[in-house]
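Look at the two complexes coming up: subunit A is in both, with subunit B in one and subunit C in the other.
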Partner chain A sequence: MSRAVAAGLAVVLLIFPWVGTGEYPLALLYSTFMYVALAVAWNVIGGFAGYLSFGHAAFFGLGGYTTGFFLVRAGLSPFLTAPLGAAVAAAFAALAGYPCLRLRGPYFAVVTMILGLAVRAVVLNLPWTGAAEGLWMTLPPWEPIVARRAFYYAMLAVALVTVLAGRAVRLGKIGVGLEAIREDEEAAQSIGVPVVRLKMSALILSAGLTGLAGGIYAYDRSYIHPDFMFDLHLSVLAVLMALLGGRQSWAGPILGAVVVRLVDEALTVRVGTEAARIIFGLGLALVIVLLPDGVLPYLERLRWRAPRPPAAVPAAQARP
Partner chain B sequence: MLRVEGLYAAYGELEVLHGVSLTVEAGQFVSVIGPNGAGKTTLLRVLSGLHPTTRGAVVFDGEPITGFPPDLICERGFVHVPEGRLLFPGMSVREHLELGAYNRRARTHLREQMEHIFALFPILRQRHAQLAGTLSGGEQQMLAIARALMAKPLLLALDEPSLGLAPRMAAEIFAALRQLNHEGLTILLISQEVTQALLMAHRAYVLETGRVILDGPGPALLHNAQIVASYLGIAATS
Partner chain C sequence: MAQVLQALVTGLLTGSVYALLGAGFSLIWGVAHVINIVHPALAVGAAYAVYLLAARGVDPLASLAVVVPLFFLLGVGFYEGVIRPAARRGGDLVLVSMVLTFGLAAALENVLAAVWGPGPRVVNVAYTGRAVQLGVLALPITHLAGAGLATVTIAALYLFLHKTFPGKAVRAVWQNPEGAALCAINLRQVTSLTYGLAIASAGVAGVALALIYSFSPASHLMWLVFVFLVVIVGGVGSLVGVVVAGMLVGALTNLSTLVIPFAWAPFFLFASLGVLLLLRPTGLFRR
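After this line comes the complex of A and B, so read on.
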């Protein structure tokens, strides 16, 4: 059933650019794919392991700057060098992650946020990254609609790879280990879960996937600047989308990202950016207060509850 | 099986273990007793790699494991049931057992080991789908022990497994430990239930302010004047 839905969705998304679709819907879906990739990638460390990073913009920006750098200096297409951007982001995560992951809870959140801001400050002041002037890239000489299609497919591929990776982690042995770390790291350690190795792997994978998205995004903008490549807003957005959709599952952040992106777009178009931000923020705050586990677990519970008569609930569950 | 030589450990500047030495032979039931703050929990945490040691050596199953990370020590067969059980409230009983078999060595025996554990604690089979947070205190302790057994220990180290349990539950836990020991599992027990701990012990160590002040066969210590004065006077009335 769900396999059929996934296959159907894949077919629709694949042929979507060829059914007379204009540039706007393609751009909207492109950015939705990017949000999905960001939310799902963030969730590997933030959701599964419970380490709330507020510094993922650093990985995004590093991915973007790496691909930009290779295009400007070596003339290589970012469609090809995006994996290199992912590798640089992952390598940075490996270096920075070891000390950061010794901290927990709010300490980890604050340190990663500072890390994100620090990387931005460094890039802003390095001459070979374009510093405060930013970095200009030349796009291929394509018609606008052709370029939109190309970026649509590229970001769809990034989102797909990210979702499949996130799913594999969650459903695999690593996912169980990360869940144990999230529930009680001390206990996980005492029963032999290799906590340091798992946390590092989760962060590195999360950073790499985020860097991959950053690479494609940077090329699409064709001009990159630390202000939006290392934007704190992006870090916060990744957290919010995952929280909204539900951090425990691999699919939750997909839902969160799609809802955030589409609602954000609708509000921006209908009521203007400023008002949209306020409405949006209030809505998110409400969801987080009312549904702390996110929307997806709530929907699942509704689905399970409906068809079952109360007698089917095992008596044991009634115990206090 | 386990040889600890001159072990020191500290929390920051404060040294809590001042050269602890003890030996656990294969198949033995060994108890460590002592008052609060003697360093019993720290000792177990150091042995299982959860807390660093400043000096001293730990040899387990013929090989030095001093300074090893906890997951490697666990994989080698030294498995620790921590104080306060430390379960994952949002996970089911079955998920705990699967997690217990996280290391590669244990993973291959997952099914048979789970059957073995359900035979030892039949209540866990009934509750296998239930979340750990909804179990009673005694059931939670059984689950903590069961989870550790899933790692296929050569030596099972337990920190206060009867703490906060109803007497009947505590007796059940001790009975299970005795049975495991009869089946050949080496056991290192830390307990404030002095009488029980000493009665069952082939060998017992008394730890006070970070030093072993006394050791010998468990039942013999039960008649030691010093033990009777320091512990049993209180234990008998409580």
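After this line comes the complex of A and C, so read on.
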């Protein structure tokens, strides 16, 4: 059943750019794909392994800046620079991730948040990244609708790759190992789970996928600046989307991303950016207070609560 | 040599303000296990309050009479109205508190931007731009006032935590909540009090920072970096550690600009943090 739904959805998404809807729906879906990619990629380390990164904007921005750098300085094709951006983001994760992953819980969360802000501060100050002036790229002379279609497919591909990677990790042996790490790292290590290797692989994969999305996004914007490429808002958004959808499953963050993106868009269109961020911030706080485990587990609980008669299992039998 | 000394002393003066901001943050982290992202944003809010009052001729130091009680109540209300209901719902408190307080910080930032615009503001007082000459050192009066404010507040906080009964109760909860509860310490009251004090100290830090720096609605992000650095280096759970770390970060940031090009200063600062984490993952002073 779900396989048929997935195939149907894929066909609809593939045909969609050609049904003549204009540019806006394509742009909206494009950004939704990006959010899906960010949320699912974040979940690989944040959800599966339970290491709450608040610095994923660093990987996103690095992917974007690598694209910009090689495009402007070396004239490479964007089809090459986006994977290159992913590689740089992954390499950075391998380098910076090692000391970070020695920390746990709140310390990891705080240090990754510093990492995100730190990379921003460094890029903002280095002359060969364009520093505070940002970096301009030249897009090919496409018509707007052609450009929108191209980026639509590019980001769809990124989202698809990310979702498939996330699914493979969750359902595979690595996912079991990561779950063991999340539940009890010492116990996992004591039974021979290669804790460090798994954590590092999860972080590197997560960072690489995030960098890939950043690379496409940077090329689409054609102007990049540390303020939005390394935006802390982006890091928290990734966390929020995964949190809303449910962090234990591979599919949960997709739901969270779609919901967050649509709410964000509706608010921005209706009340403007500043007011949208105020309402979004307060709404975010409210949702977290009401649903700390996200929507999906809540819905599941509702589903389980309904059909089960209260006295179906006698108390004596229920005891193990 | 005079240049180095000058950089060192100004670094220590601003470092004391980072220490004050870090102290309140670390108090909330230690006692309530909440990463209070909104902490520096509230300090920025206090800076804007100072700006508002200074435009009506009120000296920043006098504005403390308004800021401190207001922020104390704000802290208590924040705990009772927001954090406590969130914590009671369960879930991962680190995750919930970080996302929650980030949401509030983003909202506050944009409220400030909506009212005063996104550009930077400066508080001008009679002694802005004047300095005390001390041998080869020229110490700006605003820096001295800010650092003095920070020092007095940290000292008061220290005395409160170590010499009074409610303060000892706060430390008891910090070290072992269950044990403290068994000794008939009311956890809710103590946590409420902690929030009140911590947010009030953020208010004082905001006043001090308004004296020293220009500020804009988005400044809280930069201050957040310093707060994080101070707390990670100093370790959560030690007021002395936070103070030393604050001084260290302040001095290091200032001194590094003498040795290496200005553009590389943040890189140097964060690279040294990375090395520190490799050598001592839990900070310099963590027990």
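Criterion: the second predicted complex is superposed on the first by the 276 of 320 C-alpha atoms of A that agree within 3 Å, B and C clash if a C-alpha of one lies under 4 Å from a C-alpha of the other, contacts with A are read in each partner's own complex, and residues count from 1 in each chain.
Assume contacts are C-beta pairs under 8 Å (C-beta built on N, C-alpha and C of every residue); 3 or more make two chains touch, one makes a residue touch a chain.
The structure displayed is predicted, hence computed values, not measured ones.
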Subunit B versus subunit C as contact partner of A:A4, first or second or both or neither: neither
Per-residue contact with subunit A, leading partner among subunit C and subunit B: C
Which of subunit B and subunit C A:V236 touches, first, second, both or neither: second
Which of subunit B and subunit C A:V19 touches, first, second, both or neither: neither
Which superposed partner A:A285 touches (first subunit B, second subunit C, both, neither): second
Footprint overlap on subunit A, where subunit B in one structure and subunit C in the other make contact: none
Touch list for subunit C against partner subunit A, complex: 29, 33, 35, 82, 85-86, 89-92, 94-96, 98-111, 113-114, 221, 224-225, 228-229, 231-232, 262-267, 269-270, 273-274, 277-278, 281-282
Complex contacts: residues of subunit B adjacent to subunit A: 48, 50, 69-71, 73-75, 79-82, 86-91, 95, 98-100, 102-103, 126-127, 129-130, 134, 136, 147-148, 151
In the complex, subunit A residues that touch subunit B: 173, 176-177, 179-180, 183-184, 186-197, 314, 316-317, 319-320
Residues of subunit A defined as touching subunit C within the complex: 52, 54, 96, 98-100, 102-103, 105-107, 109-111, 113-115, 117-118, 121-122, 125-127, 131, 232-233, 236, 239-240, 243, 274-275, 277-285, 288-290, 292-293
